[in-house]
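Structures incoming, each one as structure tokens.
In the two assemblies presented below, chain A is common to both, partnered first by chain B and then by chain C.
Entry: the complex of A and B
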């Protein structure tokens, strides 16, 4: 046991060193690396819901979008009148000093983690009684509704969109912005991973799995499933909100349906990535998101105009050939590497019985 | 779990190696080519206008290259454009702009289609001090931010339909009119709306319906039902191509009678072809019309441009294509005047641009918008089943008189 842990330690420190060195090694790819971190976080948090708990949600995009608007609004609202900012498109009339910018984004991110979590709790209380397809469809509606509502609220820019504060001009280094957002998202990724890893070793995960495998039985065992479902969703919302906040700052321009509550893209991607890697596993979403991102960045420009057709084919291939995702497929092929012991005698005996 | 982790590490290191070997930066000027970059909407809701834009760019690149290219320091260069598909999504557009600049080494950018996407890209080009000449981002808020590297060959969006309100007031004997309006929830249309609000205030007109239309709009029956009930003097609709098509389709289906109908994007939507007589009398704002009398040595007149464009792409050029072609003429002119590939020198040359193209005069204001060219209005008119866009305002180029009011549906054959 001790030995395994030591190996793990080496692996994790390697990954962290790689993560810290990445923006210097691949300076030109900083933005894509930042996206990668955020995508992994989204896939991992979706996996808590869809993979571990068996509640397929399309609603996590709600928390992502909320986080985006909240971070930007707080960052502006702390120092300037928000309505005037969005009215004028900001920038020219109001300029954040360096200190204001970082204070704003710090407080903004804090708010963007807490508020979505609270909202997830409230919504969860209302709709987590739904199961299966009903829950999926209901959450699909949440994201769409949020986009339309945000598109009508004047104070956050409505249809005009919301230009987030520009990176402080006093910092002359043009690379600084890229580095700042990369390290922010990398920190979020590490935090999320540690948290999910912790959950994987806890009773909480077993309860989530029990809910997935047979909710009625779990309830009969005396587990207050509702409570755990809500807490599970709140955890997802917490990290989704943070991811959204970081993305808002990075993109610099928030549009209600295309950037923030982007259910058609991000909302679908997070599900796809988790399924591609293998839902219900720790590494699955990480691998899925990484593969997906490389596929997207590498191939999409080669097949200009046809990328969504290719994406459709990819989805079909995944569902048909890898229904359990890459991790599930590997697990079936090399069960011993996953620590599953197969008793050959027993297996043969069973085959003969048939 | 551990073995899998190992697999993962192998995977990561493989990619690392691949990336390291791939990190080669292309030059801004590659041999005899000046490389421009553009993220453009080839898929998604702006795809039809994205293609109009791309066709406009390509047409100008071909023409300029064929006619000798760009002469800088005595050497002839040709234009080349790297395109990416931004999927009509601002998030993607910003990311691609970054990619064009950082990975493809592009030093000069052409704009995307739509104000929203331009808004997303402008902060990136500004950050890296990359001059961008854009032809399809008209939102006023683009020009109030003090961007130094953004240049637009078009007039700002709030000017699109202001003239239409003035016309309506004029027809009403100088008294204010009752306006019904419906605008898509996006940066461009909302700016057109601001222009109408200003015009209404100025002329003492009253806005009696002020509706918002969703993006991806396919239905505005609710607004039209209200219009039927309250009978405004003017109905204003703006929502890109889909907005124009939806409005005409439903107005004719529901037989909505309104004395004046003002819209945007009629020519991009090919209204007069797609809806024929149903679209007759619609009044449309446009940046350009082929009948205008501007000229340049590359494309000749607007009519010549339209003919060549028709030959090359098989349809009449909407103004989106014309203004996109003009963007390249601006770049060529700036490179030659700067006589250098230094970004700041090119930027300074762009500031001093003062030229005439087939598309119109171009001179940039302090915010980067084109201040030398007025908007025009045309009206769809039909002879038999053959419908055409005729310029009705401003009077300098008007080929036809403005027809007012629109006859009732019961009187139309």
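Entry: the complex of A and C
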């Protein structure tokens, strides 16, 4: 047992060192690496919902977009009138000083973590009472409705979009912006991973799994399922909001349906990445997101224009042929590595039954 | 917010008539949705994109110089085979699986369809001119495009024809038998695989008709499919599977809601209102059922 822990420790420290060194090693790919961190966070939090709790949601994009708008609004609104900022459409009538910028983004990220979590808690009681595909469709509706409504609200830029504050010009080092957002997202990734790993070792996960496997029985066993479902969703919302806030700052421009509440891209990506890696596993979403990101960045420039067709085909292929994902496939192949003991007699009996 | 509509009675008549005529069209799409959901237990997110594809077929024959109204005959025939092919290619692998798998798989199909339509027909908003003129009512204060009346009439015609077909024909009876109990139907010699393919084909054909009608009454764009899917889903969950009069009524209700939301909230919130209504209906039903300690199945 002690040995395994030591092995884990080496693995984690290697990964953290790699993560810290990455922007210096691959300094041309800092934006891509930031994307990767955010994608992994989104996949892991989706996995808490879809994989562990069995509530397949398309609605986490709601919190992501919300976090994006909130961070930017707070960052602007703390120092300047928000309406005038959006009206001028990013014309630099107002300029953040360095201190204002970092104060703003700090408070903004705090708000963008708390508010989505509170909203998830508030609507959770109503929405999480739905089950299975009704929940999926309802959250799909929620995400798209949020995008459409945000596209009609004047103060956050409506259809013409919202330009987030530019990185302070006083910092002369041109690399600083990329590094700042990379380390921010890497910190978020590490935080999320530790949190999810903690959940994986706790009773909370067992409860979520019980809800996934049979909610009625879980309820009959005396578990207050609704309470745990809401808490689970709030955890997802917390990290999705943060991820959105960071992405908003990185991209620099928020559009209601194409960047923030982007159900057609981000909303599907997070589901796809989790399924690709394997739902209901700790490492599945991490591996899935990494593979997906490499695939996307590597291939999409080759098939420019056809990337959405490729994405659609990829979804169909993954969902139809590999619903268990990579980890599920490995598990099938090497069950011993996952700590599963196979009773040879039992397996033979099952084969004969077929 | 704009409550002008409540001060002008003629505006209200206008919105109501528009809404009802539009709602009949929605009901036709929802009927297809209910059919495949009831028979195959599949939720098809690509439903709206099949509608738009049907519309583009009608638009194409319009570009060739044929009157777009012929699309209501040509489009369903082509779409039936599209649906059949789609079933053989993908859908047959998700029929007996978890519903979420069918949702995701059809979501993928929807993305492919959108993008292919974007390549083939371009990203412009297009409309096929039927040149049917307009009917003026109440001293010219209410204008009603004849194409809308035509589309409602055709929708009703096809719906009635399909109901009769489902009741009387051999395939119709096989479909209903499979919907009731697929296993028993199989034992009694129904080729369920064929029935499923035919059902999906009929659904696609219905979408084709609706699309052809939309091409002359509303506008077409490659990316507007999803609202049609959500509308039909909403109509089906309000009406229930296999309850045709209720599908028609709730379709018209949805049409009315949309027209009024359009006037009161403004056009920019129209689609948002539709999606929000879906959420509200689901939540309402969830609370109603939870009193009996049940949930939506």
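Assume the second predicted complex is superposed on the first by the 341 of 354 C-alpha atoms of A that agree within 3 Å, B and C clash if a C-alpha of one lies under 4 Å from a C-alpha of the other, contacts with A are read in each partner's own complex, and residues count from 1 in each chain.
In the analysis below, a residue touches a chain if its C-beta (ideal position, glycine included) is under 8 Å from a C-beta of that chain, and two chains touch if they have at least 3 such contacts.
Remember, it's a predicted structure, so these values are computed and weren't measured experimentally.
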item: Touching partner for A:151 - first (chain B), second (chain C), both, neither; value: both
item: First, second, both or neither for A:28, with chain B first and chain C second; value: first
item: In the superposition, chain B vs chain C on chain A residues touched; value: B
item: Partner chain in contact with A:60 - chain B first, chain C second, else both or neither; value: neither
item: First, second, both or neither for A:330, with chain B first and chain C second; value: first
item: Touched partner set for A:49, first chain B, second chain C, both or neither; value: neither
item: First (chain B), second (chain C), both or neither touched by A:308; value: both
item: Contacts of A:294 with chain B and chain C, given as first, second, both or neither; value: first
item: Touching partner for A:142 - first (chain B), second (chain C), both, neither; value: second
item: Shared chain A surface residues [contacts with chain B and with chain C]; value: 148, 151-152, 158-159, 305, 308
item: In the complex, chain A residues that touch chain C; value: 56, 126-127, 129-134, 136-138, 140-142, 144-145, 147-149, 151-152, 158-159, 264, 268, 271, 275, 305-306, 308-309, 311-316, 319-320, 323
item: In the complex, chain A residues that touch chain B; value: 4, 7-8, 11, 14-15, 18, 25-32, 35, 88-92, 148, 151-152, 158-161, 163, 166-167, 174, 177, 247, 251-253, 255-259, 262, 265, 282-283, 286-287, 290, 294, 300-301, 304-305, 307-308, 327, 330, 334, 337-339
item: Complex interface listing, chain C residues touching chain A; value: 43, 90, 93-94, 97, 99-101, 103-105, 107-116, 119, 226, 230, 233, 237, 266, 268-269, 271-272, 275-276, 278-279, 282-283, 286-287, 290, 295-297
item: Sites on chain B touched by chain A in the complex; value: 1-9, 11-12, 15-16, 19-20, 23, 25, 42-43, 83-85, 87-91, 94-95, 98-99, 102-103, 116, 119-120, 123-124, 127-128, 139, 141-142, 144-146, 183-187, 189-191, 212, 214-215
